[in-house]
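These are the structures, in structure tokens.
In the two complexes below, chain A is the common chain; its partner is chain B in one and chain C in the other.
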Partner chain A sequence: MIRFEPDRSQYPQPGDDGKIEIDLETGKYLKLWHGPNHPGITGNMSVELTLCGDEVVEGKTHVGYLHRGFEKLMERRTFIQVFPIVCRVCVPEPDFNEWCYAQAVEELAGIEAPEMAQWIRTLILEMGRFNSYMMAMGGIGGALGMGVIGQWMTYVRDLMLDRFEEMTGARIYHMFILPGGVRGHLPEGFSERMEEVLQTAERYLADVDKAMFTNAVFKARTKGVGVIDPALFEPYGVTGPNARAGGVAKDLRKDAPYLVYDQLEFEVVTETASDIWARARVRRRDIDVSIALIRQILAKMPKEGPVMAKLPNVLHWKIPRGETYVAGESSRGEYGYYLVTDGSGYPRRVNVRGPSYTHAMALLEHLIPGTNIADVAALMVSLHTYPPEIER
Partner chain B sequence: MGSLRDVLSPFTAWKHVIETPVTIRNPIGREAADGYRGFHQNDIEKCIGCGSCEVICQNAAIDMVPVSDPVDGDSGLRPKIDYGRCCWCALCVDVCMTGSLTMSNEYTWVDTDPDAFRFIPGVDPKPWDDLEKGYRREGGRVLTGAERVEMGELAPEARIDNFDEIVAGYTREQAMIEADRCVECGLCVATCPAHMDIPDYIAAIREGDYDLGLQILYETNPFSEVCGRVCTHKCETACAARHEGDPIAIRWLKRHIVDNVSEDRRLEIVGTPQTLPTRRKVAIVGAGPAGLTAAYDLARQGHAVTVYEAQDKPGGMMRFGIPEYRLPYAALDRDIAVIAAQGVKIETGVRIGHEITMDRLRAENDAVVLSIGLHIGRSTRIPGTEGGGVETAIDLLRRITAGEEVPVPKQVLVIGGGNVAMDIARSMARLQKVKHGAVGVTVTALEDFAHFLADREEIEESLEEGVEIIDARGPQEVVRFKSGNRKGEVKGLRSWAVTSIFDDKGRFAPQYDQGDERLHPAEMVVEAIGQAADVSILGEDLTEALDWNRGRLAVDVAGRTSEPWLWAAGDAVHGPDVITAVADGHRVAASVGAMLMAMGEVAR
Partner chain C sequence: MMRDLHDHLKTRYRLGDLAERRGNLAFVDVERADLRALLVELRDVHGFTHLSLLTAVDWIEEGRFQLTYLMNNRAANRTLGLRVFLDRADPVGDTIHDLWPTAATYQRELREMFGIAFPGSPRVDEEFILEGWTDMPPYRRDFDTLAYSQQTFSDREGRETHDPRSHMAKKLYPEGQR
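And now, the complex of A and B:
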């Protein structure tokens, strides 16, 4: 394998503190904005790159393009009014917001969602995970010049959105998981139609295996690139597939089972290399786990039963003083809601713990120096981050 | 690192070249899923304009706008939705009290006019108005409670031999749950004759602030003990919650507030008049709800008010018409005590026209309010009503309250289907149980059960207590024994079946099926078919001078008669109803007060 090795004598040397003294006046450096409008950036954020030749010597992340102030908005809405806005915190995988918020409210208000609702919630979260991974697969393919992977995955994701549409009444922002339960039962014949989608997905994923994972170019561009030292996992708060690709078998679905995960059989997927390849593989294999889980849920879930617990009148719902943190394993890692209530009709404070905040900012800034400019997009996409959830 | 397989394998993707494209040629024509949350539909006839959708909308996308005149139970407002703000969450559909608001599965609509995306569903016609598909709530309303907290009551066997109060009143826990169901739409406020601030005092219960609740009650009604028990609760028939469940128990919640504020505390909260005395004098004839309410208001304005009451105790029909098991006298006394504490003088046992004449009242006062109620029982005047053994309900009820001896035969027949008929039937049943150990009361009403005038609870409770109710019977004759040692005594009531009560023009003209005749045996017949005012107290000259409207005093909107110094209020003007009388008392007091203020202060 041919690999370009630059003449490092031309590069700036780090000082005693390990930082590089960058002097733009010397003409050795070039500032390049990667994003906010760039197909290799995952959403509305940008990385301010400082290049020396084709190597990145510094990358500063810039967020704020998508700031809508959700956490503040939530403090000005009643507990039921928060429900429609939480899904908007994370566009591609909105359901985690709905579940975390609903679960947190239920804990503080002393309400328990009925069993049927727990199963449907689990199903929704797995369908959401599946969709999220579809975007990740398409993204990593696209970032490395394989646009067709993105098209395939978008198609499969669309089929899953059809299932979301018939189940929840909406494609993207489902607004289905209410505090107290879910809004409805599964439509008639849902399982059969879901099975069709899963089979189509498996067919396309087999093609992805052939076109992307059995591909000399993809391997050359990803193996050994963008390695995250497992020692960084703890201090940088790395969770989810990014950590599992480094051999850490941590998964909240197993470690702290929520909803009905304790009644489901699945394995925690891990790889060891901790590079872009390993992260892509973990996600690819986790899709199979998700597909198996969706089938399992549909087979095991009760056929009938109430889906909503009795709520107090939501128009003046007050929740006693308290605080709680509810977290689950999203497709990107630990996703959590910290909710504080003060006995009034409004949340005192809501904090959203999205994995993208650490992965796309602190971790990326740490990883990016030394990367070839051509690999920046792949590195970024391999971290699988969603800027909307950074800016909540 | 790379193998030959890794080089060749990606080319398998080329097989997709010969596959049919997966994209849809025309996504605009694609139909959404059955349960899609698309543009709203509103069943405009079903909608009551309660505005719960507007309250719950987190985007303020809904404005309630007037589309018709308000009527009882319908604000006349309808939701106007701004689709520039709507986030399609459908909370408005979930909270809708009537289920009128739904969402169609139509989600594409193109218009070049931006204002077109702000419209009133159901009023502004749209192509999707009749679509069957779209978001519908599973199992009805889920976001507000639909079931009323049941009220504790004395069991029939525990109450039938006494006049103890039947209704227990809510506990704090029960009241909290019941108060929680209110959506604060205010349809009740518009419907209540006295326009009590119902959502506000219900909110005070939720907050556990009974002092505030009492303060709110007294702003519009000094008879909360009474109305908390026997109000005709028109508010509850307007309540938004009744559309998919039970209406809020507004009456019981009002009572719950007074139950939780001690008498001393009530006087502290309500206080005494904070104005200087005006030295203007007002005489009020009749210490019923209208008179005492007017007295309360006028006294708090600083006027010197004297209420003249013919009976020994104040309260009027609240005391002498309503049986104690529905309204204990002590509760009434507590309400009156607060009114008396405002400096109102109540002269009982003074019958105008006997001890004092109207002329003297006029001469000694700046204004006179007539609130004499309806204390004369009407008679059916069918053959046989003349003579012993036939009573009017209103007279019997008064005598029972006053502790006078009343006849209690083993079998009583009541003519009438209103609440007064139920009151006398149930009172007689209690007296019979004590005296004879058994209940023998039959009620015959003109109306059939579907159109009964009495409250449903009254009918149910009467039946529980062993009262027999026969509907759709027209009384024809009180039959008396023609011979034997009981000659002349009542034998029973002969009745015909009713085929219709009103003619096609809506006038009262009952038609009977004479073939269906029955004799209801009874030793006493009680007529409970209506009451009249005793206007003889006015004296001939005044009666002549006043304007009349079908036997009732004609008054203007403020309750003033054709004589500028005389106002009339209460049942005698508006027919029997406590809360209407209270409202009337306020109205008259405002009018009298305005006139007295215009006259200025009396020179000191």
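And now, the complex of A and C:
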């Protein structure tokens, strides 16, 4: 493989602290805003790049374009009124918010959801993971000039949204998981229609394997690029596929099984190179795990049973003082809700721990110096970040 | 499990009682002066290498802020929440960005949203989420979101607004029964 090696003799040299002293007056540097409106940005955020030639010498993440003060708004709503807000913290994978919040409320109120509800919740979370990965695959293809991958994946995601719609009545924000259980059973014939979707998805994913992962340009632009040293994983709070691509077999579904994951068989997907390629491969292989899990859940789940525990009157629901943290493995890593109650009818404090908070801020700012300007979009997309989690 | 760890640590640090939430999750009060040494010991000796989150709770009635450091030991599947209380009148926390670089982001957010100072934390005074904000830190309990939005924005013409609690009660129980 031929690689272009630039002449680095004219580049600025870092000082003793490893940082370059940037003086814009010298004319050697250029400020470039990557986002918030840019095809290579992941959602409504921006990275303020300082360039020297075509190399990035500094990058600062800017968020705030989407801030709606969700955590504060939740403090002014009763426990049940919070639901239309939580799902909007993450558009591509909203169900994780519903489950984490519902589970936290149940813990503090001493309620347990029935077994049937646990299975349906697990199914919903895997369907949500599948959809989130569809966007990630499309994104990584799009960032490297393969727009058609995004079109295929959007089509497949839409088929899964059809299944969400028939199950919950909504496509994006479902609000199907509530404290005490879920809102209903699966519709008649749901498994058969889901199987059709999964088979269609597998056909498209086989095409993705051929079009993307055997593509010479894709390989050249992702292998050895954007490497995260595994030593950075703990200090920078790296979790999920970003850590698994560096050989760390950590997955909360296995390490701290929640819902019915302890009754399901699946492997924790890992790669070793920790570069953009490895992160894309982990996600691609994790889609297969999700597909297998959806089939397993539909085969193993009970056929009938209650889906909702008895709740107190939700208009007058007061929860005793306490605090808890509920976390699970989302498509991007550890997703958690920290809920504090004070005995009143409103949450005292809700704090969302989204994986993008660590990945798109401290980690991205650490990784970006030295990157070629053409690789910035691929690096960002490979971290699979969703800005609303950062600024809730 | 958590109790053994608590008993062990209590011999050297001023810790409060252990509040166990689940078998693998517990919370404990820590003196601010002991926090750093305790975090280092938890990380280096007891395997709590992952900082799950750092956030604050405003206990305005008690005149103090609670900082919560959620420390996670993934291998042993245990999470310990450390609670540090700061005087609400002059809230100053200790930066831990040198232990976990990602903590700098949390501290920057706490500075902006709660007005808690973290001297020495990188870029802590730079705007994070808000831009040109001059009001009180908005995540404090005494910041009234409703009053703020009423002052800042105007209602659409013809909009009807109901108090959700009384409106729903009237809708669900029109004859006043509960």
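In the analysis below, the second predicted complex is superposed on the first by the 392 of 392 C-alpha atoms of A that agree within 3 Å, B and C clash if a C-alpha of one lies under 4 Å from a C-alpha of the other, contacts with A are read in each partner's own complex, and residues count from 1 in each chain.
We adopt the following convention: a contact is a pair of C-beta atoms (placed from the backbone, for glycine too) under 8 Å apart; a residue touches a chain by one contact, two chains touch by 3 or more.
Bear in mind the structure is a predicted one, so any value in this text is a computation, not a measurement.
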| item | value |
| --- | --- |
| Chain A as common anchor, with chain B and chain C clashing or fitting | clash |
| Touched partner set for A:315, first chain B, second chain C, both or neither | both |
| Touching partner for A:256 - first (chain B), second (chain C), both, neither | second |
| Touched partner set for A:175, first chain B, second chain C, both or neither | first |
| First (chain B), second (chain C), both or neither touched by A:129 | neither |
| Partner chain(s) touched by A:363 [first = chain B, second = chain C, both, neither] | second |
| Partner chain(s) touched by A:81 [first = chain B, second = chain C, both, neither] | both |
| First, second, both or neither for A:157, with chain B first and chain C second | neither |
| Contacts on chain A seen with chain B and repeated with chain C across the two complexes | 78, 81, 313, 315 |
| Touching residues (chain side chain A, partner chain C) in the complex | 63-64, 67, 69, 71-73, 75-76, 78, 81, 107, 234-237, 239, 250, 255-256, 313, 315, 322-325, 327, 334, 336, 338, 340, 348-349, 351, 353, 357-358, 361-363, 366, 390-391 |
| Residues of chain C that touch chain A when the two form their complex | 21-22, 24-25, 27, 49-53, 55, 57-58, 68, 70, 74-75, 77, 79, 81, 99-102, 104-105, 127-131, 138-139, 141, 143, 145-146, 164-165, 168-169, 172, 178 |
| Chain A residues within the chain B interface of the complex | 1, 77-78, 80-85, 148, 152, 155, 162, 165-170, 173, 175, 180, 183-185, 187, 207, 210-212, 214-217, 219-220, 223, 307-308, 310-316 |
| Sites on chain B touched by chain A in the complex | 1-3, 5-7, 9-10, 12-13, 16, 22-23, 32-37, 52, 55-56, 58-59, 87-91, 94-95, 103, 135, 138, 142-145, 180-184, 203, 206 |
